[in-house]
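The structure's right below; bear with me while I get my questions together.
Per-chain residue numbering starts at 1, and chain names A, B, C, D, E, F and G are given in the order in which the chains are listed.
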């Protein structure tokens, strides 16, 4: 049981580390990594707490949710990376342009 | 008896893992570190696998453990070659002491 | 006990989804497949209405398992009106798209599958009663929307799409965090069950905070709106229409559902805060729209303002006749959907016509492109909330609720927002009457593009007369009444 | 839209709808007509106008004989769009329908060969549709709906010429009317939230609230009056009107005489009588300030008119002044003043449209835009100037032209109510009217014409095109006739008295 | 025996973490990739021991998959990261 | 020997701390390549965490995706980003690599960070950072507190899943949830994958990287591993019915096989790159949806397989899904439309 | 260059057996798995065989390995890899580092094909050496340039040649293999 708490709290830490980086860092690859780390943190919370069943066998439902989430995260990462590359080849930039397109 | 042999093997494996890591940290250039990686860790894994094989519940499990070792052996052999040739192509000359 | 509900649901979600696959497999036939799918989906949405009116809300257990083990689908009046709006706008955009992408043939084979998946996601979103399933829908929605935004290529569009994608992913991540907390607290992700089990406390507040933060980010409520204008302005016109008219509504709907079914009683302060943000959005967005030199950006900022209206209901909902406030904003959402789609489509037609969208250089577009300008103005009428239009009905109801509760500030915001909207809409119209110094080259615009915009705009106007039909439909299942006990 | 027809009076529900449709449908069709299809357009325009006029005539007869005309359509929960034709409605209906016919004729002649006629006539028809809608409004919601529709449909007419000046004028016009519409809407919804109904009632529907919500009611009154006051060009809300003169002459005629300003004035009537009820309004103490505003407007408009050289601008300020006669009549509580105000609604319309027709003729035929260019124009265009003269005399209040009748009743009304100051206002205004109109007549009839007119067009030796000439002659004659025979049945005066008796001051 | 396994896991984990230093330190990309490779091998060992200690033979499948895919990252790196560098001394001084 | 009982906790603490440290470094190290390498390591450690939590299905997926497609994707993207970043540097350090010197050649320095610093005044930045730091700390505290509250044994839906497991057609609870109880999610999630691919394809055509003839050793490796991966993928599908495994994991392995083949220079034959490929890509969603809808005709609810057939239906769906997921992941790695 | 049918069939059979064994290992010998696995075993074997033959030349290596030689090779390898592990671990712990590395070329006598790859891979796992194939040569990085790495390499090459029945005659005849780089 202790591991559940430790790792769930780690998940919380990951979420906030990722959030901080997502806001502060400007390179897009870094932002993509940050989002992945946020997702990992959430998955850790979601499936980590699944392991606190009295029987010891983790609750399968959150596990299935995390599996779904992981695949979605991979899909999103792939799309984001492709967008980043397209942006790079179109503008030469790897960061977001701040002017709102005006 | 089998258990204690297993423990010995596992401990020996762990020692080689440690050696590999220390080598990774202490060796001066990429090529020397490759030595540490490929040799020590594979031996370490081999010994750990051997130790666990002694505890395995079935023949198939033994085989599976062995396959895992072989695969990692192939992987690190290949990886070391790839990395070494990458380093060469990109002009990293070896450290000569 | 024919599973008629299952059939509708299957049709509403799977028709566009499978059509997207078909478009992906046979890109050459994409136009026809897409139009066919749009027609069928609209038909499904329309035929669902009488079922709902006679049988009441639908609850379908996917796979027959039922909540909490399985996923439940749920359709009440609120879902139905949004499904209908999506269908109408979707049909209009689908009719617009073939001619539009005729000039951009390299984008066409990608537009159709992406758009149809987006449609499936929206329909799925409106039909789902399962928080995690809704998360998947949100992701499906967000990814397809971001990909569509990038469709036209080019630096600004890609930049906007990237920002949109990041925001969207962050938003759904926050939402998922809330789902995780709720699941572990109450061992279900079914909205109805959760509504019965949830109790005020730190956990519920935490879930509320993260879920609302995420969804507000996705809905682009001020000050989270920063990503919206470049994305909605940079995308191809039909995509802009979809983004502004539909995608935003998806996350707003979810927000509304969560509030109504789960979180409504938790906080006194939060609705006031949300209302305040909405009010600032109304004014700030409209002022920004007024300052824009480009038509599409102006329309995009107008969306920022219009989103603000949707949030004005939160502070009103708790008071006397709060239901009126909910009805009002749902009506506003519907009207905005139709009108904003029409506006973006007409902007697309203007863009095709003049090859630019500088407002000051519209060069007698009124004479040269009368249908499109009519569409723009009619849509503008609804956006301004002038009678007789859907926007007027929504605004009237909202004002009614505000006046009944003596919320003068909100009433003033609603009214002022309308004035500002008139200012930016008629700024465009005025320039469309005047010639520019140098007469401009113009390209002819296919009629299907012009008419689809016009019909959508007419829809926004006719919505003003549809309240006696739509409001009873909206009340099916009493979405705005607090849940009492468990729905069987 | 399918109206939910009240089962009790099935036969009479269609007439109001037909009146609406008689201009709505032609208008919508005209939009899609190609520019060159002159005859189709003309046929639709005139057909619609004639139909409307005859339908209105039919209803005039019916209402006189106590028939009910009502159609309604559910719009909001508990609220309907209601068209109800009463005596008061008919006063405005007749004016709109009649003048629409003439204005249409005039516009056909005026706009010959100019571009975008289909758009023009389309909006023209819609504009009249909105006006008759306002006239027939059976509740405040309906009034608001048509009132806003009027704003929207007149805007394209104002900016019709597509010049930068027109665009600016359009922005100013919209700026005023949209803000006004917003205030009107605010007042309406607020009132609905308090009263729970918006149906026009002959003594108003708010008397139950006076005790409890006195200040709210006063605020609502102010909001509503501000809302309609912009269109009625009450000072200081009148700024849009002179600027809107950039529009073509038929538009000016329509704006000033029939549609926009009259809708505003009509709105004042409705608010005071049918929403609040004149007694309640008086009890709230809001009529006095309203009368004061009207008086200020009357004097201010006249003063400003004095200093305009541009003919249309002078007429515009004259309108500002004259329309407030109606407001004055309403605000001075009493049957006679009411009659004076109501009758002026028609009289001012007929007279002012004459003046605008004539001004349009001068501009179109000779290129005359300014008063200073009018020397001796009476000899070049005697018929036009004759009509103009009749109009002007009416405006000043010279008997027996229509204007005299209005002023007479207004003055009597003031006295009846125990007020003397309206008399002075009327007298002062008349003097000012004379001061800015008589010099025009003098110049036109007695000064020597210049060697050449600014921009003369040849109409085959005739004074001007017959479609331009006849409408002012007709309205000029009409202003004379309704003044002369004011006491015959079905004249505006008689009808205004009927309204006052039947609706506002029934025993 | 349980605790022996846990101690072993902890020990292996610590050698793994020590190897992290190489990713952090670099200095060449190749060094970082090497450390990632080291990760694969050690992690497989940990998984196998963990399979034993928590009696979850399925964890061997995880190790198997890890072993199967261990080379892909390095391959992706060497195949795609073809940078041209000024030839110079290596990192050691 | 009481300290021995603390060993499992120590393992967890080391794992947790390492995860946090890796995440922190991956997000803040100045060098992008380092960041990606650390992120890949993060994935491995996370896999260990899942293993430690007995959520073996997730461990499998994490390892298979992290070691296979995700890492390769990130590295490929990074290498395509690299040249311009080098160009962007004002003065490339010509002296070569040095262990103590930041900004190594060939490393993707994040010059943008430095630019950003000049935009705003230092005080403002510091204030902003302080406010944000406080907010984040508060959020961490709150989240931690909530997590703490949730830390009491609860069986969630385990009971329900176990009760209905016999009707689901499989014996492994997670697979039952994924493919039967919550199959709708899974179907849509394959659609998300496909959607991402359509999005990627809409952006660009495939880059020609990796087309050079491979080193012989690489060719040999891919010859050795590709068939093995197919076998392992099949095994994972099979084992998913009663033990951790299943379509995602199998698909990830299959995708990794595709990545490996692509890296060793193999290309899809031109004839297969058109609609046959698209068919394979769409197969998962299509088969899943088809079966899910077809059962309505049998009087079953949407996506409700009759118990008797459930096992086979799930197997068919899983095979199609595996094939699709593998193909999609590999295509995502390749990057552009063929 | 042409692939003879018997060679193909032989190779396929070998692989079928191998993969079937593997499947058996994976599925823990469960019977019901066999039916499911059969098509995959077959397709994996076919894939493996086809890729094996495509673009490859070596007739020599198509023949089955010589079992005895293979055993000897394995024994040799295991022993040396144990030595290699010890060697590098000991070096890692010594202070100062006992390293005298160098990069040298070792001209291969094995014909091109899979054997050099095997050679290079095994070299990398042996004590003190690390190899990269480079245009018919091995570039070998040695940890201690004074050790007798050369003898080890030759012996290894010999054993690999034995396993694959490669005649000495077929070997590339470049006898000088001691050139330092």
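In this section, a residue touches a chain if its C-beta (ideal position, glycine included) is under 8 Å from a C-beta of that chain, and two chains touch if they have at least 3 such contacts.
Quantities reported herein were computed from a predicted structural model and do not represent experimental measurements.
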item: Farthest chain (mean CA position) relative to chain B; value: D
item: Interface with more contacting C-beta pairs, comparing A-F to F-G; value: A-F
item: Geometric centre distance via CA averages, chain D-chain B, whole Å; value: 97
item: Whole-Å separation of chain centres (CA-atom averages), chain E against chain F; value: 18
item: Distance between chain centroids, defined by C-alpha means - chain C, chain D (Å); value: 42
item: Geometric centre distance via CA averages, chain F-chain B, whole Å; value: 26
item: Multi-chain contact residues (two or more partners), chain F; value: 8, 15, 52, 54, 78, 80, 97, 106, 143, 150, 154-157, 161, 181-182, 185, 189, 192, 195-196, 199, 203, 215, 217-218, 220-221, 224-225, 228, 232, 235, 239
item: Chain E residues counted as touching two or more neighbouring chains; value: 16, 28, 33, 35, 40, 64, 68, 70-71, 75, 77, 81-83, 85-92
item: Multi-chain contact residues (two or more partners), chain C; value: 132, 136, 139, 143, 146-147, 150, 153, 181, 183-184
item: Interface residues, chain E side, partner chain F - complex; value: 3, 6-7, 9-10, 13-14, 16-17, 20, 23-29, 32-33, 35-36, 39-40, 43, 46-47, 50, 54, 56, 58-59, 61-62, 64-66, 68-73, 75-77, 79-83, 85-93
item: Of chain B, residues touching chain F in the complex; value: 71, 74-75, 78, 81-82, 85, 90, 92
item: Touching residues (chain side chain G, partner chain B) in the complex; value: 21-22, 24-29, 81-82, 84-93, 97, 99-103, 120-122, 124-128, 130-134, 139, 141, 143
item: Complex interface listing, chain C residues touching chain A; value: 132, 135-136, 139, 143, 146-147, 150, 153-156, 158-163, 165-166, 169-170, 173, 176-177, 179-181, 183-184, 226, 229-230, 233-234, 292-294, 297
item: Interface residues, chain E side, partner chain B - complex; value: 1, 4, 8, 11-12, 15-16, 18-19, 21-22, 28, 30-31, 33-35, 37-38, 40-42, 44-45, 48-49, 52, 57, 60, 63-64, 67-68, 70-71, 74-75, 77-78, 81-92
